[in-house]
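Read through the structures below before going on.
Presented sequentially are two complexes of chain A, the first with chain B as partner and the second with chain C.
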Partner chain A sequence: MGSDNAIEAHDLRRTYKARTGWLKPKRTEVEAVRGVTFTVGRGELFGLLGPNGAGKTTTIKMLNTLLIPTSGTARVCGFDVEKETRDVRRRIGYVFGGDRGLYDRLSALDNLRYFAELYGVAPRDQKRRIAELLELVGLSGREGERVEGYSRGMRQRLHIARGLLHSPDVLFLDEPSIGVDPVAARELRRTVSDLASTGTTVLLTTHYMAEADELCDRIAVIADGQIQALGTPAELRHRADGRRVVEVEAYGVPESAVDALRGLPGVRETAVEARGALQLLTVHSDAHVDVQGDVLRELAGIRLGRVDSREPTLEDAYVAIVSAA
Partner chain B sequence: MKTLRLMTVGGVIAYRALFNWTTPGMFVGTLLVGPLFQLLFFAYLGRQLQVADDRFYIVGNAVLTASLACVFGGTMAVANERRFGTLGHVLLSPRSRTAIFWGRVLPYAGNGLLIAVVTLSVGAALLGLRIPLDAVPGLFLAMAAGSLACGFFGLTLGALGLRFRDVWVVSNVSVALLLLLTGVNVPAGNLPGWMVTVGHYLPITHAAEAARRLAAGDGLAAAAPALGQELLVGAGYAVAAVVLLKIFEVESRRRASLDAL
Partner chain C sequence: MNVLRLLVVGTLLHIKQISRSPFEIAITLIVPIVQATLAVYLFRAGGEQHRLLEAAVGAGVMGVWSSVLFGSGGAIQGQRWMGTLEMIMLAPRRPVLVILPITIATGLTGIYALLATLVWGRFLYGIRLDFAHPAAFVVASVVCVIALGMFGLLLAATFVLMRNANALANTLEYPVWLVSGMLVPITVLPSWTGPIAAILPTTWGARALREATSGGPVWPSVGICLGISLLCLALGGLALTHVERRARAAATLALA
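Right after this comes the complex of A and B.
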């Protein structure tokens, strides 16, 4: 591994052990990460993409020193994440999605002032740095308000400002846009993109394909604790080459009908996404087999909406990769 | 200098962020009025039972009043991080854990001292206790020592909160134990031997003894040994808190035992 890498992870594994009960204790083991290897170059915006429970957050927590790997090694900016924690922590920022992680009773300004102390920002630089970051994340003018009154989007932006206080070389963004409205999510993406353009290395975890596609130089798809695919968005898109996708909007599709679709000749994968009362059926098939007629025949008697047959997208490639895991 | 700043500036901001009773209503009601009534209760009970004089109860209870702010404050200084989901961000700090968490105790100790001073002043005024003027600096020292020791005691309980979710139960029980075992309301001579022994290792016990000697006009020299013992107890808890915090932090990295974020 060369020194051009900001992050180097080699065969990282993490097992969680839990014990429940006192009289007859029951021990369980869960392998959350099972041999993850990848590198992230300096200044690169790298995406770690995967479904819930895939091992994204565990991987990030090993890289940012909050968890010790069960086995394997990782270095951030050349420092071992297990043994040289203080050196790693000086060089990283960590932002995660959600409402928590800020002191609600304090203003945004006081939150940033406190974390500036914790992260060792020189006192003479604090005022200027905090003002810069408030401007960057669009919270100037609102910094005196208590965080408890902030919207989720504002909190997310404050999380990012906090993560950048000490000008980290590497920024870990763990699902930063989760639960954020589309407008706020777009602003977040713009902020992240701006960061990467200033030379900060960014490791982004998300399960929003479009977000990863728009932002990332390279993407690793992780599922079941292992990296299933790694490449540029264009390279990953090729994973869905040779496929065709039929999308059907339907209402009240029984599980038996979905199973029947899975059994159709030429069908590779079938997914159902609930959108309120509506169900969106996505059927992947071999490109040379036209399955649309068969699909509609199997759904006869069910109320249908839009039916579409199209070329696969990056999201389809992602579904294909994760389904194969 | 940077460490001192982390302890003072950081400590004060953390106090505002994590202490539940900072609003004027909560502060006055919980930390000033409540303990004052407790002082009056024990003073009148003491008069009724003729166990000890007013000075015994007023001085002892005034020193003890610091415990509420300090024990619960010290606990909140760590345990409330869970509530806000900020613990992970604190643990990601490259700064010294000792400076971060000892600094958090200082505002609570100051808080406790203020409450003790107010309670002693009001209690003495209401019950007609005369305190020698030359005893005031010494009394101030004794109450400061008691508050500081109590703050570190609370921080130790807070550190336990990193491992055990229901640490508030421990804090509640601890405050009740301080009431019983520190000799503030029951003279040590009337307690079973094991209780006296446990009391020796608790904050407040020696500070209350020192304060009583000072209020009786015995002078600082007579109170100094008890004052020294109180500071030793406080130092013991300060070290215990840091050691526990370190152990639980290492354990959390190894066993993922903290719901850190």
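Right after this comes the complex of A and C.
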């Protein structure tokens, strides 16, 4: 086992078994992760991208010891996640998105104190460390308030402070920027990249492509429980080479018009995203075919806003990879 | 030491968390009154007026038991809901050190129920608080809380594994009240309950409290109660380690 790797996952699989009904129990099985292999180097910032239900959280929970893999092995900091659980736990931090996972009726300070104690932070260092982290996540001055009165973003920041209490070598961040305002999200990104540059290994999942593009050294795109592509952001962007993207802002596009676009010669993918009153239509085509004219013809009679033809971004590459899966 | 500190800090914070729940506050305000009343009328009806204090103590112990039962079941379930169960189990500690503060905390909030029942009994029904062995009563109360906390730990092990722990807690409340003679003396119960009662720490705790109240050899009961509690601690600790693994395999630490 190479000691340069902070995380080594080998053919990880995880099946969830569930039983529903009492009298006639029905067994259901979900294959959430189906053979995932990758390594993350020490100090590397590694991104895990993929659609909802792709198996990102399940993968993270196998690596951070919360779930035992159905098969396959993984090591974190050289320790086996299934057998050397406590060695792994001492060295990792885990932050997940959303507003759960905190003692609501306690103050932020009490929450942090308790977890500092659980993680064995030396009593004489606790005060300083907690103050440092409150400062880092911008909660200084509000640490005495009960968490139930916190906004979503404040809870998220408290989560992050908690994950860092024991200065972990490896940090698992599962959608840490959910519900965080843009300014705080930018600070969060800076914090994460600072941590990585000082040697902390970070495994990050996010649905924000720009965030992944800016932060990650390497990215794995996962869909249907399997890795579909793995590489640096630049390498992944190449997956969309040979494509061109037309974006159209429109108001009230009928389903039939989108289907019609999909049938145009040279078109590879189409996507519609609702943005308030308007819809953003994204049409991927072969680079050598200019589909913009055809697209506008199909949309005749519909009120349109900005129309744009551009080079593919990481997000476009992601869409291409995921829709090919 | 390190471990002791963790237990103390954990217990204090869990008491804080529990005692700030509006639901919990309502329960702890009302239940002791109900129990004091129940005890008084049950025993008056039976023509045993001279045993009113004993009855009030018994009712109080029932309160402690309910608190531990719903505490260890409810707290585990509640933490699963809040998403904190995963976070505390993720700490690099033995599971017993993580769960024990929760069950001790519920035992301690339960002692409040005991005291409150006595106080209400005094004010509402004029029960005279003259204990046969006041000092022994205090010691027995403390031991009783510890015993319930440790027994709760053993229960908590099953609750960590079960997604609907509350169902089990509900079915256990009344049988244990009865079998351990918290309210009625064991001698009036059918004989098959005897062996069950003998291994429950609650039986000996309740007995010690009764002896401290109305006279009798308190210390043997206290000793047996402590002994069984320690056994519960050892078993609970082992079970939790096993259960933690099972829970990671079955994915029951989180809600779905």
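Here are a few things to note about the model shown:
Here is the rule we go by: the second predicted complex is superposed on the first by the 324 of 325 C-alpha atoms of A that agree within 3 Å, B and C clash if a C-alpha of one lies under 4 Å from a C-alpha of the other, contacts with A are read in each partner's own complex, and residues count from 1 in each chain.
Operating definition for what follows: a contact is a pair of C-beta atoms (placed from the backbone, for glycine too) under 8 Å apart; a residue touches a chain by one contact, two chains touch by 3 or more.
Just so you know, these numbers come straight off a predicted model, no measurement behind them.
With the C-alpha superposition on chain A as described, chain C and chain B clash in the combined arrangement.
Of the two partner chains placed by the overlay, chain B and chain C both lie in contact with A:Tyr16.
By the touch criterion stated above, A:Glu214 is placed in contact with neither chain B nor chain C.
When the shared chain is aligned, chain B and chain C each come close enough to touch A:Ile68. In the superposition on chain A, A:Glu117 makes contact with both chain B and chain C. Of the two partner chains, neither chain B nor chain C is touched by A:Glu31. Note: residues 16-17, 64-68, 86, 89-90, 94, 98, 100-106, 110, 113-115, 117-120, 123, 162 of chain A belong to the chain B contact set and to the chain C contact set alike, using the contact criterion stated above.
On the chain B side of its complex with chain A, the touching residues are 2, 5-6, 9-10, 13-14, 16-18, 22, 84-86, 88-95, 100, 252-256, 260-261. Across the complex, chain A meets chain C through its residues 16-17, 64-68, 86, 89-90, 94, 98, 100-106, 110, 113-115, 117-120, 123, 146, 162. Those residues of chain C lying in contact with chain A across their complex are 2, 5-6, 9-10, 13, 16-17, 20-21, 82-84, 86-93, 98, 245, 248-251, 253-254. Residues of chain A touching chain B in their complex: 16-17, 64-68, 86, 89-90, 92, 94, 96, 98, 100-106, 110-111, 113-115, 117-120, 123, 162.
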